[in-house]
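Each of the two complexes below includes chain A, the first together with chain B, the second together with chain C.
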Partner chain A sequence: MATATAVESKPSGSAPRKARKNALSDGQGRLSAILLSPTLLVILVVVGIPIILSIRESLFLANDGINPETGLVESGEKFVGLQNYTDIFAGQNQVVGAYGTIDRFWNAFINTSLFTITCVLLETILGVAMALIMAKAFRGRGFVRAGILVPWAIPTIVSALMWKLIFDESGVMNRILGTKILWLADDNPAFWAVVIADVWKTAPFIGLLTLAGLQTIPAEVYEAAKVDGANAWQQFIRITLPMVKPTLVVAVLFRTLDTMRMFDLPWGMVGQGKYYVETLSIFAYQEAGQQRYGPASAYSIILFVYIMLVAYLFVKILGADVVGDAAPPKKTKRKKKRQDQEAGKSAETAALESMGGAH
Partner chain B sequence: MSTTTVEESTSQAEIEKLAHPKRSRKALVGMIASYVGMAAIVIYCILPFYWMVVSSLRLPTEGRSTEFIPNPPSVDNFAGVFAGTNNFGRALINSVIVSGSTTILTLIIGMVAAYALARLKFWGKTMVLGLIISCSMFPQITLIIPLLKMFSSTTPFEWFPYWINTYQALILPTLSFALPLAVWNLTAFFRQLPVELEQAAMVDGCTPGQAFRKVILPLAAPGVFTTAIITFIAAWNEFLIALTFAPDPSIQTATVAISKFTGTTGFDTPYGTIMAAGVIVTVPLLLAVLIFQRRIVAGLSAGGVK
Partner chain C sequence: MTFARRAGRIAVAAGSLTALLAVAACGGGGDESAGGGGDTAPSADSSYTEKGPITYVQGKDTSGHVPKQIAKWNKEHPDEKVTLQELPDNADQQRAQMLQNAQIKSDKMTVLSVDVVWTAEFAANQVIDELPADQFSTDDFLPATVQTATYFDKLYAVPATSDGGLLYYRKDLLDKYDLKPPTTWSELKDACDTITKGEDKSKLNCFAGQYNKYEGLTVNFSEAVNSAGGVVVGEDGKPNVNTPEAQSGLDVLVNWFKDGTIPKGAITWQEEQGRQAFQDGKLVFLRNWPYVYSLAEKDDGSSKVNGKFAVAPLPGLDQPGVSSLGGHNMAISKYAKNKGTAVEFIKWWTNQENQKSYSLATSQAPTRTALYTDPELTKEYPYMPILLKSIETAQPRPKAVKYGDVTLAIQDSAYAALQGQIPTQQALSELQTKLESLIK
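Right after this comes the complex of A and B.
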């Protein structure tokens, strides 16, 4: 088994080796299973089982008060099928938010979507601009990098309280702008206050990741473009963006998924039950806090499906583009290897990015 | 060879000029612009944090003051943080316990998994990787609702021990995002190590276990260390899980404690105290990040360069 580890991991592949591989990889499979089992067990316990329980929970509703048929006070919960899901169309829970009088679920749903689109768009533009500036610099890059990590390292809830003070009605933001906007009242400015705080926290990190991508572009490509007479804008559109795209898409994907589950920022800055900034996470949390576990689970499952759907679309679009950029792919092994490398390449980017977020 | 050609065809003056290329005005403007841009980035990132620090250094009664320099400066807020009802010292210890245990557990469990993912060949590896990375994108709220019912042993979980206000109720759910993060990160680090070193060790008579312990682990130490920092920060910054499962002040973590501050000054939101607590919670992380920023960012770009 020892030799198997060594031989099999060798990157070069040839026909005779393949015959041997099957005989030996059985042992590796067993070893892998042993090594992976703790991780998979933990994931099963802390992710797998809760999802199943959550789905189960979403099909139940707590009994409240007196049963009209028997006249007895009932406790516990009863199976209601998909009622928790269909209820979001019933419009029993109307609230007045930024989108007129609509169901509280849809209000939160639209808030979540708009937060995601607005924040990610601004973060990406600002992040790429930062990366371009940093890439140009010869000196002081380390200094800027240190500065950029500051927003990232501050706990989200702390940054929420910090921005709460900045956006206070007699706070420094109004003083600088010379305005008297009630930023943190349940109103439109609150939405933008949260967006500003979120962009502040995460745009630098997108910049950092994009910079890592930018630095892999060989200078020769730009020189060739210059010789061909391309101006700065053309270079940016035709060279920089396509070549930095794999890194950027991963970063944007993770930011998108992270913003979709945003909780800390609106919670800390504006508070609970504020319909202008209430996200699906906050809404579900509040429902759970009032013992309405059934609807809360239903909302969280919808959020889960929504996130999975967006991730799937991202990967689909990303995957299509990877194939489109590359030379006609020889299927099977070579392609797989490249994907492996891609995965490895984006691994740390992804891991770091997934933690750069503000929930 | 080309140099000789140039020498033959150009005058002395022209050589001088070529040897010292004049900075064009455009390049100069570009350079200044890039420095201005960098200054703008740093100011953008630092300024709100500066505001937090400044606000923490005012008198407790001047929490909402908008002076750019505290007048008079005071550290009363920092004393206020640890005063009486806030229980902040306890909260800091809780944070260290929860984040520390999470980090240690995550590293132990994650390291062996990452080794298998980086080195061994087995069926379904892509699937496992996909599963792990998708777990880290998972909305925490979906986990929290059933776990809240379970940990508070309400129907239908009467058989489950009452876990609200326990450390395990904070640590276990935190693993749901910390473990995928660590496995993913460590896999990338292990992949970068040349497999030949391990082979050499095994030729010299090491078992795979020894090869891992004596060769791979010391070499991967920077990667493991970086992963530890990242995991610790992720666990330290966690809010939603701690808010849900630790309503008792004696068990809550620092992030939750800050969000519930009533401070020492009474009715008004005690901004000064909150900001001071924010500084206390943030500064250790900032120091760690600034000291190891090169390592964090180098690890980040290593994947790309490779």
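Right after this comes the complex of A and C.
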């Protein structure tokens, strides 16, 4: 996200200075290329090179033969082509998780996907509800807004440890529910424990973004709807949701991508080697920890491609407008609506920028 | 910004969003330095003669004693000063940093404090160097601890601290029902039945150890197997866990979980939860490390059992049980400079006098046999004679180059069996198959 912000803010910051240095007669394209080059360089160093190195690493496998005389491990690594990828289908690493005995990679893959779907769905519903509450003018609104944002402001690993205490066998959750559920054992409840903690923590993120979108909906639209006799539900479905959609889709997109690489909550709350909550990030990290950098890179690359794919689908199908300049609609059906959308966009961009640093 | 095509911008946006992941993915980026054969090491000082300043690397020192002891050395050796480098508290992170240090062939670390289970991995991957055996006499050390410091019959480290499991029991309750501390599992079970019959059953559980899925489970599982006469990895270095003996050991734990001898919640317990339950008076018996003793003995109200408990060796199937071995060894990093000083420092650090003051200050068990009968130490730590028994008969955890995989395989099988997901027979045969592919 920080990078996304940088794409926008950097050129505008350095534009005047650079513009003076370069002859104004320069071609538009060349000038903008120069202006963008620092950003592109940063992206190349921070994103491009690591990805290329990871892809390269994913094609290698460290030697692990042991010399029978000295007991020393052969050093070096060898090129194995796509073996690290095809091994996923070889089924050599079976584990028992929530989905029966399957390969550890697929277990982590399904966990990642299910976490993403479940968490994002619940977070969206709750987040929108929070936004609707926060947008209302009432006494103590400041308190409510601040209160809702507290979970999001707590570092994830801290909230993981906090929820670990809550979900302890003799912790608060079991006392409130009057149950003896072993939330943190490697079993199904662990999945839901993580979902609860994640929803608690990040629903405010969607809430905050949605709130920014809500505040740009002009009151007249609602007044007109009231005059037309629309009830609250109709107003929500016909006015609020469509008008807040551009913001909401971006918020959901960010949450989706974020949840897909979830690491710290399951790691901190439940622990490592717990197959009911092991995500792809955790699995890749564990493999790297066992000095199997090749397979670890392969898993990371797969997760990377998976996330790219989801991001692409979001942009294509739901029209998430991440950069802030949607292509102009081919036919302007309703001019007013378009203006509203643009107004909503600037608010959303502002909200994103304000949060970019903290997240 | 008219020049930008939409497709390009989507790509940039998606790329930036996944940037964090990509950064995470490059964790294996240090590949270039990983290979290349250790024999061409730059300034490898295999003669152990170079002298000069060195660093001593260990996990976080919570006692505050380590800097004092190092200051003492520095005073005596002004030209061979030792600098302390503390790593995080977490053992996995310590291991990761030491491995990384070796991968980049850095000379930043000289003397490493190595967990007993890492010796094989570090030795095989040439993280640590073989020590000059003629310079170290291991005769006065507990044999079990020396075993943890060797690999392929070569000495790679010197035992610095040790650790063994103890059975904590409620002396007041056992005395009340005229019972002796149990030496076998069936005695322990009978004692429990007698006590819980007389006491409030809802508030008192019988026994617990460490059964969460982590290293502690490997320890407890190995103890159960060894105490029943089985092995995880045999003396020939081959896995041999699919045996009736091993099964009878695991069966005891599984049955105790089923019938409530071990509370159900203990499947999520590590050392601390068990200690807490014992201190709150909720357990009759507890398997734990010596560190619990002084904490449970505190009279500031944090422990409800101070003065009411005692320790015994771990029970077994039909004779006293076998503990797993913990502790740390001192080794020398392969790519370090001034290994001559390092050798001298290790000798000095593990000598009788320094081990004694270290034990007194940190409550960590020494590795020299003589210290277990030292009057000052036994006065401070009354459990010393029993701990000696525990460590004398203790078995090291499997020596494996891929120890991380081995311990996870053990945890997978043991945990599934304890949860009742698979029968013990199946758990052990699966474990045997996995271990055979991991230990060659």
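Worth pointing out:
In this text, the second predicted complex is superposed on the first by the 269 of 359 C-alpha atoms of A that agree within 3 Å, B and C clash if a C-alpha of one lies under 4 Å from a C-alpha of the other, contacts with A are read in each partner's own complex, and residues count from 1 in each chain.
Note that a residue touches a chain if its C-beta (ideal position, glycine included) is under 8 Å from a C-beta of that chain, and two chains touch if they have at least 3 such contacts.
Computed from a predicted model, the values in this text were never measured in an experiment.
Legend: residue contacts after superposition of the two complexes on their common chain; A:Leu209 is shown touching chain B, with no touch to chain C. In the superposition on chain A, contact is made by A:Ala296 with both chain B and chain C.
By the touch criterion defined above, A:Val96 lies against chain C but remains apart from chain B after alignment on the C-alpha atoms of chain A. In the superposition on chain A, A:Leu184 makes contact with chain C only, while chain B stays out of contact range. By the touch criterion defined above, A:Asn231 lies against neither chain B nor chain C after alignment on the C-alpha atoms of chain A.
Of the two partner chains, chain C is the only one touched by A:Gly273; chain B is not. Contact with chain B, but none with chain C, is seen for A:Pro151 once the two complexes are overlaid on the shared chain.
Set against each other, chain B and chain C differ in how many residues of chain A they touch, and the higher count belongs to B. Once chain A of one complex is fitted onto chain A of the other, the partner contacts of A:Tyr312 are limited to chain C, with no touch recorded for chain B. In the superposition on the C-alpha atoms of chain A, the part of chain A touched by chain B in one complex and by chain C in the other spans residues 1, 3, 28-29, 32, 43, 46-47, 50-51, 53-54, 56-57, 75-77, 168, 170, 254, 257, 261, 263, 281, 284-285, 288, 293, 296-297, 300-301, 303-304, 307-308, 311. Those residues of chain B that touch chain A in the complex are listed here as 30, 34-35, 37-38, 41-42, 44-46, 48-49, 51-52, 55, 63-64, 66, 109-110, 112-113, 115-117, 119-123, 125-126, 128-129, 131-150, 155, 172-173, 175-177, 179-181, 183-185, 187-189, 191, 195, 198-199, 202, 207-208, 230, 233-234, 236-237, 239-240, 244, 255-256, 258-259, 271, 274-275, 278, 281-282, 285-286, 288-290, 293-294, 296-297, 299-306.
Taken in their complex, chain A has these residues touching chain C: 1, 3-4, 7, 28-29, 32, 43, 46-47, 50-51, 53-54, 56-57, 60, 62, 64, 66, 70-73, 75-77, 95-96, 168-170, 180, 182, 184-187, 253-254, 257, 261, 263, 271-274, 281, 284-285, 288-291, 293-294, 296-297, 300-301, 303-304, 307-308, 311-312, 315, 322-323, 325, 327. Looking at the complex, you find that chain C touches chain A at residues 1-3, 6, 9-10, 12-29, 31, 34-38, 92, 96, 99, 120, 123-126, 151-152, 212-214, 264-265, 267-269, 273, 401-402, 404-405, 408, 411-412, 415-416, 419, 421-422, 440. Interface residues of chain A, counted against chain B in their complex, comprise 1-3, 5-6, 8-10, 21, 25, 28-29, 31-33, 35-36, 38-40, 42-43, 45-47, 50-51, 53-54, 56-57, 75-77, 130, 133-134, 136-137, 140, 142-159, 161-163, 165-166, 168, 170-172, 175, 200, 204, 207-209, 212-213, 215-216, 247, 254, 257-258, 260-261, 263-264, 267-268, 280-281, 284-285, 288, 293, 296-297, 300-301, 303-304, 307-308, 311, 339, 343-352, 354-355, 359.
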